Every structure is written in structure tokens, then in C-alpha cells.
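In what follows, a structure is listed as C-alpha cells, so that the remarks can point back to it.
Which chain is which? They are A, B, C and D, in the order written, and residues in each are numbered from 1.
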Amino acid sequence: MIGLGFDKFLSRFVKHKAAVLCLFFVLAVIAGGIFAPWLAPNDPNKIELKLKLLGPGGQFPLGTDHLGRCILSRLLYGTRISLGSAFLVMSFSLTIGTAVGIFSAYRGGRIDNLLMRLCDIFLSFPSLVLVLVIIGVLGSGMVNVIIGMILVQWLWYVRIIRSLVLSIKERTFVSAAKVAGTSDMKIIFRHILPNVLPQLIVLSTLDLGSLILHFSGYSFLGFGVQPPTPEWGAMIEEGRRFIRSAPELMFYPGMLITLIVISFNLIGDALRDVLDESVT
Amino acid sequence: MIKEKVMDVEGLCVSLLHRQREISVVRDVSFCLEEGKVLGLIGESGCGKSITCLSLLGLLEKDRWKVEGSVRLKGKELPYLNREKIRRLRGSSVAMVMQNPISSFNPLLTVGQHFTETIRTHKEVTRREAGQIAVEMLLKLNLSEPEKVMGQYPFQLSGGMLQRVMIAIALFMCPHVLIADEPTTSLDVTVQYQILKELAELRDHYRTAMLLVSHDLGVIAQMADEVAVMYGGYVVEQAPSREIFCNPMHPYTRGLMKSRPAFTKDRLNVLEGYPPSLMKRSRGCPFYERCRCARKDCLEFDMKETGATGGHSVRCLLYAGEEEVKMDACS
Amino acid sequence: MRAYIIKRLISLVPVVFGITILTFILIHMVPVDPAHAYMTATNTPPTERAVAAVRAEFGLDRPLPEQYFTWLGKALRLDLGKSYVSQEPVLEELKHSFPSTLLLTLAAVGWLILLALPLGFLSAVFKDSIVDHLSRAFTFVAASAPPFWLGFLLIELFALKLGLLPVMGKGSWQHLILPSLTLALNYAASYTRLLRSGILENLKQPFILYARARGLKQKLVIGKHALKNALLPVVNAFGMSFGYMLAGSVIVENIFAWPGLGRLITESIFNRDYPMIQGYVALMAVVFVLSNLLADIASAIIDPRIRIGDDRVGV
Amino acid sequence: MHVLEMRDVSRKYSFKRYFWQRKKVIEAVKGVTLSIEQGTCLGLVGESGCGKTTLGKIAAGIEKPDQGEILLMGSSMLSSPRSQRLLMRKELQMVFQDCTGSVNPRHTAGKVIGEPIRNFLKLNKDEEEGMVEKLLETVGLNKEDRHKYPGQFSGGQLQRVCIARALAVKPMLIVLDEPLSSLDVSVQAQILNLLADLKKEYGLSYLFISHDIEAVYYLSDALAVMYLGNVVEYIADISMFEALCHPYAEKLLSSVLPADPGKIKNMEVKNDENEKPGTGPGGCSYARRCARASARCLDTAPGLKEVSEKHYVACHHY
């Protein structure tokens, strides 16, 4: 359907060494998150004041934080929330945005216009503030942050997908399909979607990176995850007071976020090159 | 009096460096441009005619293209390796007119700015003087209000108008050589004739030698004194214009002449097959698959010039042998 | 040109109203009654009678649209009501802390221009050279690292280890360097990439080939033709980014204890201080709309097609 | 019997790039009345911006005209019930100008050609495959090309795939919108021959739109010349070609450069530019460029008048 055999896709993707490396790294982190209960050496929330601020080694591979909790275990469990929420927000906004974007772009007319005005209002407004307002209204907590982000992000997808669909809708093979008697619905699924999908995959991969950053930003401000649940942004916030004595408290989660986001960006760029080539 | 040779191209070979492979695009092309004369270069897509123009101007980047062979302008070898020297020649001694005028102008600058920046690159003049030179030059192209045109942006002018400005920019330094890469292809038929007429008049006035590239036989017949036919990177046939139209020798030239529906109703005698793509360069004669009188040894043919009688050279095995050539076999 | 600006202004008015209406609805969708929020903020006992009194005082019992229009009427006369927490008029609070946030954002814009323009330009001109690889590494890290984490790294390095710059707080211009850099790093990375790909894309265009064919110097070909075209998307994107940076200062102010709007809005959100939130959002909307307008005007100056419009219509 | 009749068709485009700019209204097609006989080819000649492509799209039913009526075999395309319109859709196919753009890059050639078959004819899988293979051979490609993607074809081959797609459901009329202009000279000749053979073999009728008069002369039986949105001259029989007398038609003919150095043209040329479409005043749209323009031409637009049997001209001088 994508017009490119999966094996051809793989053979081209392998050429991008960096992207393959990042892919393994991302998969490793995801696996760490999923199998956290088995992999994590200790219980992430068990407080042992005696053992606070231990260096790495021994029972605590990465040492302990100011409450004696094992950093490595908290990082592994934190993956579930940080990555999980980013995936959740991305997938929800992607599906809603794609559905609305494709139909409004293809149908055109008043609905399309109305939607664009709505997009203008939402998107010409800093998402951070809107999410803050929503959190302020619904109260902090992870679910509210996710809802807040979805409310803002799906419109970003609508605008992007609408422009993609419009560019394809103008192309001659769509009118050729009309002449050949294909119904609107079939045109959307058989002609427009396959040509939009590649760019969509690239966009959502790149978007994942920025969502992780935003999400950790909110929990850093204390709106997202409430202590003691482990989350990368929150861990950086907790570690900020010990910047002099135990800088690694902040270093590990920050570095992990950076590496994950770099990986998503690299994979996104590589996908863009591979999927573009497929057409020429 | 013999015409003085302005530009002499000997054995020009250009190859594209693509993924550690060298794909030869222009192969052993030789021709010379005489003062006040027009050499017409005919060819279809992928035959290397545009690349030939760009290589003469030294516009091919060194890391992606390999250019060999000698190109002499007024007896002096063109310094392609010295970027600064060749840049100074471009636009002053060797000028170019592009195919699609609308996309050749920067949409954010006015037409006048394009003209004056070129003038000020080649002449030490103030902005005002450059403006005057430009207006005088545009008047030569019988443009009604040059000042108004100078102040307008490219998207406000029609293709024909922009092409006239391009010709003015090309000829204001009285260059020795003018290279025109399909100047009228993107214009309407009615405008095409006017542009060609003005180009011919101005060229006569400035005595410039001209290389006119086109895929339209009508334009070549109208303008060219000498004609070269390119196919698969080679100049397969070269002769004075009247000679090549009356008795084309190479099978490709003959096929090309017949495939134009010049107000006839009877079935066209068609060249089967498709022009070879740039990437797939086979051994021997590139016209082998499409040629009706192709023979086994055409594949080994090293494309040397064969029959060269009285300025009419051709590269085809048909004319290498002694025996009488059977014209009808491949007409 | 003037007509264009006026029309553009008119078109932005509905956007501002849209945003304020949106916030108003959001606030009033809340399960918690604003009166209770006020009571808790001023920790007076929420007795039946006191709540009714507060509702009457703030006019909360009247239907929602009416409340919005009263708020709007007063807002147009710059009276944004009183903050629950500090009892000060919202406008004063905003007036007090907005300048320092604006200063921070403008300094960040300064960093942006200082970093993104040269880096983007050089990495495009010297493609695949050392400069290009270095700038790409910088853009990847700066674009991917969480801004607040970067902030702490900067503090660790410049303030604590080297002791060159003050750690936090507002004072002389040295205090401004680190926070504005932290705020700008993320955007500097994406603008470097945007400018670089813009220039490289434009270098493939036919008008660059024609410029070279006319014998123009390489400096002119890239510096004038390619750069000017590449700046168009950068200016357009900047209209949006200025607003995002202004909002993004919330985090940076939190790290560097910078007395700006950021801290004000975080506290008012914790305390459910609705008039303050509403005022903040209105201010942000106006600033956002103005920065978009400036970006549009700048792109109209650069691109005549926006200013004059396409005369030659391809049928 | 007319296959297709267009009565007083007109179409306007209101164009506004940015909402703050003045609304520009372009009259692409102004009151065109044309009809195509069964089994014949009507050539439509004109320069860029004369509205011939828009007229082609209206004829093919992709665009709706603002005014006017289109009849396919006598029944109206616009006002008849949905079910009947679907049947009409089958009888009217189109071949487009940029062959690479008119084929979905992610579908194989077989799927492209099979699309109309799947929509109109209820065939099972291998019947459809057989038909696609037969079609590929009739347009001069080989059977195995079915599995190739558009990226693996040359321009000429892609245009043959498009012709096969148009031919698949045996339509009564095929609209050919500049089918040759993106192809090489030698390939153009092949496509012209192919179209001529198909017309004879299947008794097809064509609406052949092009700016290349020589190609139109070769394929068409009747000819209409368009300028800035209206038909300025129409001859029902191509053999009356020499009788073309409208000033614009003459200019178009004289601008064609013969491929013969013996007949080099030396015409006196007024430096006139084809104006921007849709800006003409009330009178004849060609008035400002016409050498013989009189006062009457400037104020009243001439209608199409029958000058002689099967020959109509829109000019005050005839």
C-alpha cells in the first residue's frame, strides 16, 4: 500500500548508521520501562534515609537520591510515565488530527474555514500557557496535563495534515481518480492517505521529542506528576537543591531525556530521507 | 574573408560523479563558434545539450562534475580551474540566456536591481549610471517604458517581457559568445517569433557568436547557420543548416525530421523507443536500439567521426565502409 | 503598505477576543466555585452566608455571558479586577512584573540573533565542513536538551565553577546573561536548522544558477540572493516563537528566581486566582498577536508578492 | 448525432491570494458553444491563459461551469439524477498534461489501469488482470509492466499507461488536455500515431486541446481557435484550414516556424504582449493587439457568425 516493499525500506534505513543506533537505544529504554518491575534492582519509592546520597556501585548501580531511593529504578519506572505520556498524547492527537484534517481539507467550504479560524486562535497562542490554564482549571496531576496537551496538540496536527492533504488534493492524479469514477471516500483512503502517511510518520517521530520535553517541563514546574511517583522531569526538580553536593541527581534524568529526544530527532530525519527516496 | 573563430571547443567530455561512479554525460563534443554566426544544437531530453552550455560557462561544481577537453575563447584557453578568473568572464565575454525566464529571476528583487547588480559587477559605475545603461539597453529591445519595467517585480511581467530583459542583460557587455539554452521554449508561439527576431537583430548589431540550443526544428531552421545534432552525449551529425535539412545523413536526424507533423494528414514515420536516460550509458552507438539499420558491429563502434565530406560530418558506421550507402534501408 | 497593516490589525482583533473567551469558558467550566477559591485564598471560613456575599460582590451569580461582557467592558478600560491573593488590582501586578519578563525575552532574542544567524549561514555556506558538523551537533543537543536542565548546567559551569556570573536573581546586566541564554538555546537550535535548510534549498533554485551565469561574485549570490529568500520562513516563524518564548520564560524564571510574570502565573494557578489568570492570558494574547503582526509586516517588506499580490494569474 | 454539446458555457475564477488584497475576478471561459460529432476529433487551439484547459475540465465533468449546459448524448450532465450521472461518468474519460503527476506514485501500473475497471465493470480478479494486460499491449507496452511503479517508466511510457486507463471502460469521448507538451519530439509522434489508430479501431471521439497547431491539424476533424476565454473561429471540417481568417488565427498560423531553412520568415512584428487574462474591456478581446481593430471592435464584442457553410468567425470585419 505504501508503494515500497518493507524489505526495501529496511535496506535503505540501515544505511543511516546513526539512526539505527538511536533506534536500538530507544527500544532499550522502552523495554526498560515495560520490564521495570523485573529489571529494577530496588523498589523505586522505598525510602531509606540512612542510605541517602550514596555514590554509584553495589546494591544501587547509580547510587541513591536525597531520600535513599535507588536512582536507576526510579529512572526505569520513570520511563513509563515520561515516554508513555508522550506516546499517549501523540497517538491521540495524531488520530483525531488526521481524521479531522483530512475530511476538512478534502471537503473544504465553511467547516474548513471555521476549523482554520479555530486553529488560528489555539495555535497562535502559546501552548504552554493554555496547558497551564487547563491545569489551573482542572488541577495539577498527570492525567490533566495529558488532557491539556492533547487539547492543544491535536490542532497542531490538524493544521499540518490539512496543508499536506491540500498539496496532494491539487495534484492531477486526484482529478484522474474522479474521472475514473472513484468515490470521495475511496480517493481519501486509496490516494490521499498513502501519500500523506510518510510525512506523517516523520512528523510524529519528531513531535515525540518535543512532547517529552514539554511534559518534563510541566512536571518540573510541579504541575504534572505529584511526588513520590518517579518521573524524569520531577527527578531533575528534586535534584536541583543538591546541585552542589550531588550533581548526578540531576545529571542522569537530564541526560536520559536529552539522549531520547536526540534519538527521536535523528530517527525522524533518517525516516524523512528514506521515505522521500521511495517516490523518486 | 574567413570568419574569425571566436570559440573553439575540442573533445569536450563531461561526466557526473555519482556514488563513486562516473557517468559520462557529454562525450567528445567538438565545434567552433564564428563571429556573427549561429550554431544550432538540436537534441532531446537527456542528450547532454544543457550540460554542454553549463560546462562552457564553467558553472558545473567541481565536486560533482568532471570536465575535460579544451575550450579556447579567441585563441586563449578558458581558465576553468581559476574560479575568480572564469567568474569575471561570465556575463562579460561569455553570456547566457536561460530557458524559463520566470523562474530565473529572484522574486524578491525588481528587474532593475537584477540588471544594475550585473552592470556594477563588471563595470566600475555608480548606481545611477548603471540605471542609465540598463534603460538604454532595454530601449534597444524596443520595450515601451523601460523605467516602468525596471521598477517592477518579475511576477508582474509576462514571460516574453522577462526574456527580453534577459537578452538585454546578456548583451549589454557586448560579449564574444552568447549561449541561449532553449530561449523560447516556455513562451507562447506568437511571442516566440518576436523574441527570435529581436535576438537575431541584436546579435547582428553586436557581432556576437551564438550557440542556440533547442529541441524545436523550426526554431533551428529559422535562426541557425550551422547545425549540430546531439544524441546520447555525442554530436552525431554536424553540417551547415541548408545541407542538414536537405540531406540528413544520420538515421536519428532523418527520423527526427520526419517525426514532426508539419500539416500532413498521412501517418507519421515514427522513431520507435525512447531517448536513453542519463544514467544508463551503454557501449557503442547510443542509437543502437532505435535504429532500423543497426548492425551487430554498431555495438563495438567507438563513435569516431566517419564520413566528413565538405563540412558535413557524421558518426555512424553506415558511412564508414566503402560500399554505396543504401539510403532507403533506414529512411 | 499602510492599508495592508490596518487590515491585518482588524483581522487580529477576533483572535484576541477568541482567546479571552476561551479562557473565560475554561475557568468557568471548573467544578470549584470561584467564590470558594476566593475564600480559600483569603482563608476566610466558607460559611453559607459569606459565600453568598462573595458571589454577589463579584457578580458571580449572573449568567455567564453577562459576566464575560462586564469583564470585557472593564478590561477595555484597563480595569482587570482584583487578584484574590494580594487584593491588588490585577493590572498593577502585571505592570509590575511584565517589564522584567519582556527584558528577559528581548535578551533571549538577542542571543537568538547572535547564535542562529551566523551559525545557520556559515553551516550552509561551508556545507559538510567542520563548521557544519559542529553546528549540527550543537543544534541537536540544544534542541533536544530540556531547557531547565540546560539552565542548571549553565549555572553549574559559569556561576559556580568559574564564578563569572551571578547564580540567580535580578540585578545588573550580568544577571541577565544566563537566563536569557537558557531561554534562547532551544530556539537558537531550530532557527539555525531552519536558516541552513532555507539557504541550501534556495541555492538549488534556477535564479541562483542565472545569478552565477551573470558573473556575480559568490558573496553576492549567497549573501544577497539566497539569504534574502531564506530569511522569509525565518521571519514568519519568529512571529510565533516570540510569544512562545514569552510564555517559556515561566520555567526559566523559576530556575533563576527571576521576578517576572512566570512566577506570578504559577502561583496564581496554584491558588486558583482566576482574575489574575484571566488578566495574564489577555496580556499574553495581545502580545502574541502584536508579534505576529510585526512578523507579517516584516515579511511583507521582504516579499513584494505579499504586499502587491500576484498580478499574473496562471490559468 | 452530437456526442458532447456545450451551450453558452462560462466559468469565472475569483482569486484572492491574501484576504486583504482586492478580489480579482478572472473570466476563464466566456459563453462558449461547441459540439463534437460521434467518432470525430475536435481540436481546440489557443495560447496559455486562453481558458482551453478550463473548458476541457468542464467538458470532462471535473469542474462545474458557472453558467451554461453540457449535454452528453443529449442528456444534461449537470441536472440529471445521480445514478444517470454515474453512467455518464463512464462514457467520459480524460488524459492529462503532466503524465508523471496524473498517476499515483504509490500504485503499480496495473492498479492504475484497473481503477476505472473496478469502479464501472463488475469483473472478478483474473478477468480484470486479463483486460489490463490486453490494454497494455494495445497501447504498445508489454504485459509484465503491470507490476512496475510510475517511477520506473519514462515520460512516453507513462502517457501510454494514462491512455490505457482512459480506454479501459470504452468511453464515447476522451478529453486530451495537452497530452504531448511534456514529451520529446520523437515520443510525441508515437503518441499521435497511437491516438489516431485507437480512434479508428474503437470509433472514439476526442476533444484534443493543445497549443501545437501542427499536432492538432494531424489528429482533428474539426478545429476551434480560442483567445482569452472565447472561441474566435470554428471550422467544422479541417480541410478548410486555409480558410482561417480571424486576425488572431492568422497570427497563430504565421507564427509556426517550418522546419526548412529555405522558408525563413521575415515578418514585420508589432511589439505587443498578450495581455493578462480577464482584463479585457467590453469590446472584442483581441481588439488591443489586432492590426485591423476599428472603433466598433473596441466597444462591442463580436459574436460567432456563420461566414460560410461550417465556418464561423467572431470578428466585425466578416
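Side notes on the structure shown:
Quick note on the criterion: a contact is a pair of C-beta atoms (placed from the backbone, for glycine too) under 8 Å apart; a residue touches a chain by one contact, two chains touch by 3 or more.
No experiment lies behind these values; they were computed from the predicted model shown.
Distances between chain centres, each the mean of the C-alpha atoms, put B farthest from chain A. Set side by side, the interfaces B-D and A-D show unequal numbers of C-beta pairs in contact, with more at B-D. Our note on geometry: chain B versus chain D, Cα centroid distance of 32 Å, whole angstroms. Centre-to-centre, using mean CA coordinates, chain A is 50 Å away from chain D.
Put simply, the C-alpha centre of chain B and that of chain C have 54 angstrom between them. With centres defined as mean CA coordinates, chain C is found 22 Å away from chain A.
In chain D, the residues that reach two or more other chains under the touch definition are 48, 276.
Touching two or more other chains at once is no residue of chain A. In chain B, the residues that reach two or more other chains under the touch definition are 158. Residues of chain A that touch chain C in their complex: 117, 120-129, 132-138, 209, 213, 216-217, 220-223, 233, 236, 240, 243-244, 247, 250, 253-254, 257-259, 261-262, 265-266. By the touch criterion stated above, chain D contacts chain B in their complex at residues 47-48, 154-157, 184-190, 192-193, 196, 211, 213-215, 217-218, 241, 251-252, 254-265, 267, 269, 271, 273-274, 276. Within the complex formed with chain D, the residues of chain B that make contact are 44-45, 142-144, 158, 160-161, 188-194, 197, 215-222, 224, 241-242, 245, 255-257, 259-265, 267-268, 270-272, 274-275, 277.
Across the complex, chain B meets chain C through its residues 54, 57, 59, 83, 87-92, 95-96, 98, 100, 103-109, 114, 117-118, 121-122, 153, 155-158, 169. Across the complex, chain C meets chain A through its residues 14-15, 18-19, 22-23, 26-27, 29-30, 140-141, 143-149, 152-153, 155-156, 160, 186, 240, 243-244, 246-248, 250-251, 254-255, 265-266, 268-269, 272, 277, 280-281, 284-285, 288-289, 292.
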